[in-house]
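What follows are several structures.
Shared between the two complexes below is chain A, which pairs with chain B and chain C, respectively.
Here is the complex of A and B:
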């Protein structure tokens, strides 16, 4: 999986993920995103439009990051999930827990 | 004129004896490396032999930055060495009998390398032993945790039951639990996120919570059971950054009703008239957010109906080419073969194993099946 980070001028920090997001990628995702979770009111966007597959370990990483953001009065949004990711989010009803744009 | 011919000869003889002693000492030191795997003992043996061979008053191997103790010896020699892992040390040798020769320095270098190599070997051995102990304890813990899954299958009055869980490793996060209380058969099936021992430990917590909740909340229905389990395990799941997809259900053999409460678990299917219908979850998994409510789904069952609850290890299993089994193929396997839940369940496991071929098991696989026989 590839992870690229971008900071917009007035918007949230954005991470663009592509490829398979599974247990093997959890450490890399955590290393990339954790520095941003310590900010005051962290607002983070995760672009999932190019993610081909996501498993429960990866979903747990997204949930962990979302909860850290909300604990600090911020949020983590999922941007344009690919079809395989959207299906998993719907099956698990995690679409009701995340802000999906 | 008298000529003292004995002195050069004795000197030469003495040098030859010393050289021979040093050679024998090298043999002894080389042999010692295999005699002991204790770091201190092996290094001490090498330095003791070197002390005798080189007639030193003192010979010590010290980590860099550590100075040797004061000594009255006239002559000294030091050799710095590095082991394969990059650790460095200095061998300090001191004596008063004679200056250190070039040959002595070469032998000191060999001694220093032998001692460092012995330290490195002893350290690697200790680490290997530690890893073996940890691995052994991990295996025991995994086996014990996996035994939390119920081994008995109750005989139900008007249905047959199949339940089996195959972890991808020694232990996994998939779970099921059940209890027959009067005419009602209570059950939960779930999947803790993640893999291995951490997920398995949480799995055992959920099973223990479920067993307690069947007794105390079962009469209120599966939503109450699921809510109670949620309250029981939410904090520990949240602290571990885990969640569990969980479906709680009950089958009443008197009313022939199945009731379900599903927190993010899939795949779940109800098969009626040879049509498999997926049953959607009504809330996110347990451990994601606090205070979420679940909706109850009630289904009147008839003879020939089937409830199939699996874990994602079935549809997400890949074959040798990397193609996944998939939701559609899984759904197509759920009809037919009405020779009881056990035959159906074992056949479905055989199908997925055949599909996987030599591809590794990608995730824990759990299958829970109720085949309904109708009112008696």
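Here is the complex of A and C:
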């Protein structure tokens, strides 16, 4: 999986993921995103439009990051998840837990 | 997949087929509570892009975790769940699923999505070309293998040599959990299958060769999924033992007649545990 980060002056920090997001990628994801979770009111977007598959470990990573953001009065949004990812979020009922844009 | 593809998934997930499926996808599952739901989601969305009627069969293998409950709770209209009362081995789960399948083309795929379902069409092209059995292969030219452990590579290479040179099975990777069959081939092969454990694939390919079925190998992209239940050393020893068993079964004529019957229509009730 590839992870690229983009910052804007006034918008949230965005991470664009592509490929297969599974347990093999969990450490890399943490390394990329964890520095941003310590900010005051962290607002983070995760672009999932090019993610072809996401497994349970990866879902847990997203939930962990989302909870960390909300604990600090921020949020983590999922941007345009691919159809497989959208369906997986629905089947696991995590679509109700996340802000999906 | 486009929005219309997502619409096709919505229809598939809520409306039972009124026609025979063209495709069946069989997924054996033993204690897969951590993996089964994402796998179902990925396979369902991809298969719904093909524009053909299809069914999914989850063949539980006596799971002791919440696999069965998780699948039941999804309430997907075209998913059959076959519940086993006890653990009988992967081969027994696949056999039950394959003999229940109604599709013209039947794929069995491992529950860990180690071979991504996007490669379905690659195998189907060989069915269309006249092959009876199409094997997803991690050893064929063009295959992409990620994260495979060193020990698994060693054992795979050794076992492949034995299979090809001693047993004359013209397949370089007998064990990849991504194999496609015509309905007739699946019926004939899985009715005769006797091995319930890991080496059932080998037996199926042995029988395909014995019955002069046309078998093709297709290189696949394969990712060694985290949490794999394959213990390379133990499996290699069982594999060698089962090679001998298969030959002995053949010598004794145990493959001449069916060893299993297709289940009756009342067994379609997903809430009723199946005998194994």
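Heads up, the rule we're going with is that the second predicted complex is superposed on the first by the 101 of 101 C-alpha atoms of A that agree within 3 Å, B and C clash if a C-alpha of one lies under 4 Å from a C-alpha of the other, contacts with A are read in each partner's own complex, and residues count from 1 in each chain.
The working rule: a contact is a pair of C-beta atoms (placed from the backbone, for glycine too) under 8 Å apart; a residue touches a chain by one contact, two chains touch by 3 or more.
Bear in mind that the values here come from a model prediction, so they are computed numbers and not experimental data.
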{"item": "Superposed partners chain B and chain C on chain A - clash or fit", "value": "clash"}
{"item": "First (chain B), second (chain C), both or neither touched by A:64", "value": "first"}
{"item": "Which superposed partner A:24 touches (first chain B, second chain C, both, neither)", "value": "second"}
{"item": "Which of chain B and chain C A:49 touches, first, second, both or neither", "value": "neither"}
{"item": "Contacts of A:94 with chain B and chain C, given as first, second, both or neither", "value": "first"}
{"item": "Contacts of A:86 with chain B and chain C, given as first, second, both or neither", "value": "second"}
{"item": "Colliding region between chain B and chain C, picked from 6-14, 24-32, 186-194 or 240-248 after the shared-chain fit", "value": "24-32"}
{"item": "Contact residues common to both interfaces of chain A (with chain B and with chain C)", "value": "23, 55-57, 59, 87, 90-92"}
{"item": "Chain A to chain B touching residues, read off their complex", "value": "23, 55-57, 59-61, 63-64, 67, 87, 90-94, 96-97"}
{"item": "Of all residues in chain A, those that touch chain C in their complex", "value": "20, 22-24, 52-57, 59, 82-84, 86-88, 90-92"}
{"item": "Residues of chain B defined as touching chain A within the complex", "value": "191, 193-195, 238, 241-243, 245, 263-267, 280-285, 288-289, 312, 316, 327, 363"}
{"item": "Interface residues, chain C side, partner chain A - complex", "value": "1, 5-6, 9, 34-35, 37-38, 40-42, 44-46, 74, 113, 116, 118, 147, 223, 225-227"}
